[in-house]
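Heads up, there are several structures right after this.
You will see chain A twice below: alongside chain B first, and alongside chain C after that.
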Partner chain A sequence: MDLLWQTAVNATYAASYMALIAVGLVMIFGVMGVINFAHGELYMVGAYCVVFLYAQETFPFLLAVAAGLVFVGFVGIVMERTMFRPLRDNPLGGLIASIGFLLILQTLAVFGFGRRMGHVPPSTQGKIEIFGAILTYQRLFVIVAAILLLAALWAFLKRSKFGRALRACAQDAEAASLQGISMNQTARVAMFIGAGLAGVAGALTAPLVSPTPYIGHSIIVTAFIIIIVGGVGSLEGAVIAAVLYAFVHTFVTTFFDGVIANIVGLALMLAVLIVRPTGLFGARERA
Partner chain B sequence: MLRKSLDRKISRRKFLGTTAASGTALAAMGSGLSRVAFADNHTIKIGFLAPLTGPVSAWGKPGLDGCLIWADWVNAKGGVNIGGQSYSIEFVGYDNEYDAAKARTGATKLIKEDGVKFIMMLGGDTWPGVEKIAEREGMLFSTLLPSDLSPDSTTLVAPCEVHPIYNVTGVEWLAENKPDLKTAVMCAQDDALGKPSVATYLAAFEAAGIEMQDEPLFFDPTTTDFAPVMTKLLAGNPDILCLDTCYADYVHPLCEQAFQQGYKGQIISCTADFYQKIIEKTSVEFMEGFIFQFPDFDDPALNSEGVNFVNPNEFYAEYAKRYGASQWGAVSWEYASIMDLWADAASRAGSAEPAAVLEAMKAGGTGKHAFGTADWWGTELFGIDNALVGDWPVVVIEGGKATIKDFKSIPAWWDKHKDLMIKHMTALGQMWNQRG
Partner chain C sequence: MQAAGTGGLVRRTAWRLRLVFLFAMLAALPYLLSYSQQEIAVLLVINVLLVCSYRLLTLTGEWSLGHVVIMGVGAYASALLAKQFGVPVPLSMLLGGCMAAATAALLSFPLFRMKGFYFLIGSFAAGEIIRLIWKRFTDPFGGPKGLKRIDPFPDIEASFLSVDFYEPVNYYFLALAVVSVSLFVLYRIERSRIGLTFHAIHWQDRLAESVGVDTFRYRTLAFVIASFFAGIAGGLYAHYVGAVNPTRFSVDQMVYVLVWAIVGGTATFHGPILGVVVLTVINEIVLRALGLDTARPLIYGAILILSVLYLPNGLESLGPRLQARWRRWRGGPAAAGREPA
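Let's turn to the complex of A and B:
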């Protein structure tokens, strides 16, 4: 029984950071129609913000995490202004540009921090026990932050005027434009939020992984599986798919092994594509 | 909510198609870092073809750093005397990123463009990319992984590290000193480094009368969250947690997870690179008694008479001065020790040509291994006697510091338990005649 609870706790943590990353990716794709291949590297930059500010410069952990969110958000704005805006009518060009940008970010990380894994001591070694399962405070931070941030995003999109403008742009940019909504401004905000969510995921998990300049590779693969399962363009789908993928992957890893878990994860994506090609919450394409 | 953007700019089919295409392109991309060496007629170039970036770089880059110290010291003393002429040594590095295709490109460049006389590799998954080139060019290669050896590769030698065979010494020492520990679990990444090491530990545990609680757990090398792996391993409350030959990027989070999930038992691992960082993430008490196979070279035990590595304590001090003590790793000294053997063989052969050096290196069937005189060995396990095998140290973390507890003989273990080793290697398809 303890094993089941511990696995559920592990899966909840995994779902939390995966949801943050996937929702950020969906935000960027939804508003700008750009497949941001550098999203894994935005996660990596967030992690290195904590390596630098918390591990090297000894700022408080939560301050470093907040700085990671804001800094990566601004990196997102730079990406929007310099790459995605000029290539707005050329989504494939945006995709290629994002691949170039990820290599730039990787190289900068190598120059700044070296090729080896970054070392981030835990901000706390405290832990709680839930039905015999151990949950460290470090992992609890990630779960709580993910719930708060995603709830705040939901409230922002549903309740605020700018959130409605953002949704309008996502639904029909031209119509939104005719209503006086600035496409540039909404794209900038969407990019800040999307990149910031990846950055905060990287910052929060930095003490739990070994950040390297190349950590974004495995992250982006997982994020794409999640948004394909959830339905490309659906925020709700991204959250639910993150939970589904994390639980399936974690339980299969625990009760079988990690290699089989990856195969099952990909099989899940294939099964969803076969049964429901638009993903769990995706809309059908127009004829 | 945001899904209409699908209709507006890019279709789902396009998304999936381009995602797949771009993923493939990304996987194929990489940067081969090479350091072009300029040399005169009195310089001999040595190729260093190993992972300098990526998750396996901990077993490449520190080795190149160590070689640069070796070259500085040797060149400061006038170089290597070959046939009455002194030659300085220059290393030409190529980052193969632990990728067979990049290793093939690197080997071709090092041989054809740089004119190296000897190439040192980590081996493992990268060796298959180079095997044919070695055979065609007759180039002398070294590997740290003797599991690469086969009768088809006559110019490949394993003159320093006898991975994973030396892991038996750690288990043997553990069984002698902590006989009450009777159950073990093990995990490893699913690759050419992990599997032969798993077979070795299985043989060593069986020889020591230690029971495996479960089948070894293989995880994908892209794993970043090790909590589920550790949860499974600790489910049966084992006496011994074996981390096999996991890369440093995995050993650290695995230890951290074991600590966080309340494990208090014995840990044994092939390596504990940058173990000071693990202690920072866990505690001195948690890491006390951690057994592994790679000493810090400031250990006084390395000054004993039988050790052949030249000035180990000074080498460690210089390494710590240049790169930081915390950057010392399992391979920091290994490639340099191979260069000791190469330089000695080249001097005796009076030639730097690969065939002549190889013949001199293996002359008499013995060689001066870093940890003592050793035998060229391996026919029963590798199909060829191209591994230099003798004693190997057992290292234990005590009070936060790696300490050599003993030097144990690998051939002595082999003489008693070789059937077990062959049985487990065969079961995992790791015998030389099983590898494709």
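Let's turn to the complex of A and C:
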């Protein structure tokens, strides 16, 4: 029983950072219609922001995390301007260009930090006990930050004028631009938010995962599974699927092993693709 | 199909002469290379088959991310058959190709319910599952370390002739022979009625369906044929290198196949071959000479982005484009409007 409860707590932590990553990927897809294969590498760059600023230059942890969000957001803007904007009518081209970008980011990380695992000391040593399950502050911090960020994003999208414009672009870009909404500006903001969320997820989890330049691979696999299960265009679906997948993956890892958990996750995705390609929560079909 | 007039005859003779010249060059090539370059030439020939078989699949308009894993199926099957069951190596390679084709036939049931992006992701998932099974089950797949000491291709020992396939030169000729035959078959398939149907499915799948083409069956056929030749490439690889492991067939390797095909251009048969040859030469000769080995992925990534942005039809379109530009530069009125979009 203790093990079950502890696993549930671990799964909650996993769900929170996975949700950040998947929501970012869905934002980018929703507005630009492009699957960003380099999303895992954006997570990696965020993690290395913390390696550099916090572990090497000893800035405060929170500052390093904020820097990770902003820096990776700007990397996203660069991607939008140089690749996704010229390739707007060519979704496959955008996807392939993002694969090229992924290779570039990986190599730059190898140049800057080497191939070995970066070590990040924990920012706090404390932990709390919830009914016998141990939750370190470091993990709690990830959960709280994810909830705050996703709530802020939700408020921005549903309440602000720009958020409405953004959703309009995601629904029908042509109709939105007829209403005077600038597609370029919307795409830029969506890309900043989407990339920034991946970056902040990497920054927050850097002390817990020991980043390597190649960590993006497992991240993008996870993100794909989540957005397919949740429905490729749906933000709410991404969050729910992140929770679902995190619980399945964490429990299978605990009671069997990690490779089996990956196989189960991929099989889950394949099953959803076969039975209901629009995902469990996606209503409309794009792509 | 052509009328056998003198024009057709001249053109065909010119084509045959060019082919003879090409084979003469390919036969002379290994003797101009160093030992390590010969080894690279063997892998290059195998990669040509891999990327050409990939192109057959893309003819139907579907882009798979599992092709390298399918090659791995051929490699693992051939290696295991030779190691565990003592199947003679040339036969085991053929059976490896059949195993890859059978895997593809099985996978086509779930995968061809999807199209476009969903197929891409679905093929990725299916490939990863296969790869993780190799990684997880040490018996018989050898786990993360894979299979080692795979039986080499048997030497030929006759009274007047002895060929040791451990020598890269000899394996180069073996691979060249197998790949040439395979490419010929692939080329004939593309030019046949079946190949034309693949094109029709790519550009007008609804229309093709409405005139009675079973698109599912043709997509499956393309997938199975492409996978068979990928499996043959895998067998050639396994018995040359002597070891296979799950990492060798990971999605990173798939990215290279994608780069070769896209940088070369998939509209013509020779496009992907051009892509893999040019990029391998750049990679092995230029980058190695400059000592830029670690920068390899970065340069590949930049080439990929630049070619998607500025050369969307691949290297194969570069020749006609330059020609058109040159003609325009000379300023003839006949030059107008020849540049492809």
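Here are some notes:
What we mean here is this: the second predicted complex is superposed on the first by the 283 of 287 C-alpha atoms of A that agree within 3 Å, B and C clash if a C-alpha of one lies under 4 Å from a C-alpha of the other, contacts with A are read in each partner's own complex, and residues count from 1 in each chain.
Here, a residue touches a chain if its C-beta (ideal position, glycine included) is under 8 Å from a C-beta of that chain, and two chains touch if they have at least 3 such contacts.
What you see is a predicted model; the values in this text were computed from it and never measured.
The superposition on chain A brings chain B into a clash with chain C. Legend: residue contacts after superposition of the two complexes on their common chain; A:F71 is shown touching neither chain B nor chain C. With both structures placed on the common chain, the touch criterion links A:L108 to chain C but leaves chain B unconnected. Applying the stated contact rule after C-alpha superposition, one finds that A:G100 touches chain C and leaves chain B untouched. Legend: residue contacts after superposition of the two complexes on their common chain; A:F192 is shown touching neither chain B nor chain C.
By the touch criterion defined above, A:A267 lies against chain C but remains apart from chain B after alignment on the C-alpha atoms of chain A.
In the superposition on chain A, A:F84 makes contact with neither chain B nor chain C. For chain A, the partner touching the most residues, choosing from chain B and chain C, is B.
Contacts of A:P277 after superposition on the shared chain: both chain B and chain C are touched. In the overlay built on the shared chain, the residue A:V221 is in contact with chain B and with chain C.
By the touch criterion defined above, A:V259 reaches both chain B and chain C. Once the complexes are superposed on chain A, the part of chain C occupying the same space as chain B corresponds, among 41-49, 95-103, 113-121 or 275-283, to 113-121. Where the contact sets of chain A with chain B and with chain C meet, they give residues 35, 91-92, 95-96, 99, 103, 110, 217, 221, 224, 228, 257, 259, 262, 273, 277.
Within the complex, the chain A residues that touch chain C are 35, 82-83, 86-87, 90-93, 95-97, 99-104, 106-108, 110-111, 217, 221, 224-225, 228, 257, 259-260, 262-263, 266-267, 269-270, 273-274, 277, 287. Within the complex formed with chain A, the chain C residues making contact are 63, 110, 113-114, 116-118, 120-122, 124-126, 128-129, 132-133, 135-136, 251-252, 255, 258-259, 262, 294-298, 300-305, 308-309, 312.
Across the complex, chain B is touched by residues 3, 6-7, 10-11, 13-14, 26-27, 29-33, 35, 37, 91-92, 95-96, 99, 103, 110, 115-117, 119, 121-122, 125, 127, 134, 136, 139, 157, 167, 170-173, 207-210, 212-215, 217-219, 221, 224, 228, 231-236, 249-251, 253-255, 257-259, 261-262, 273, 277-278, 281-283, 285-286 of chain A.
Against chain A, in their complex, chain B makes its touches with residues 1-16, 18-19, 22-23, 25-26, 29, 52-55, 57-58, 61, 190, 217-220, 222-225, 227-229, 231-232, 235, 248-249, 252-253, 256, 260-262, 274, 277, 280-281, 327.
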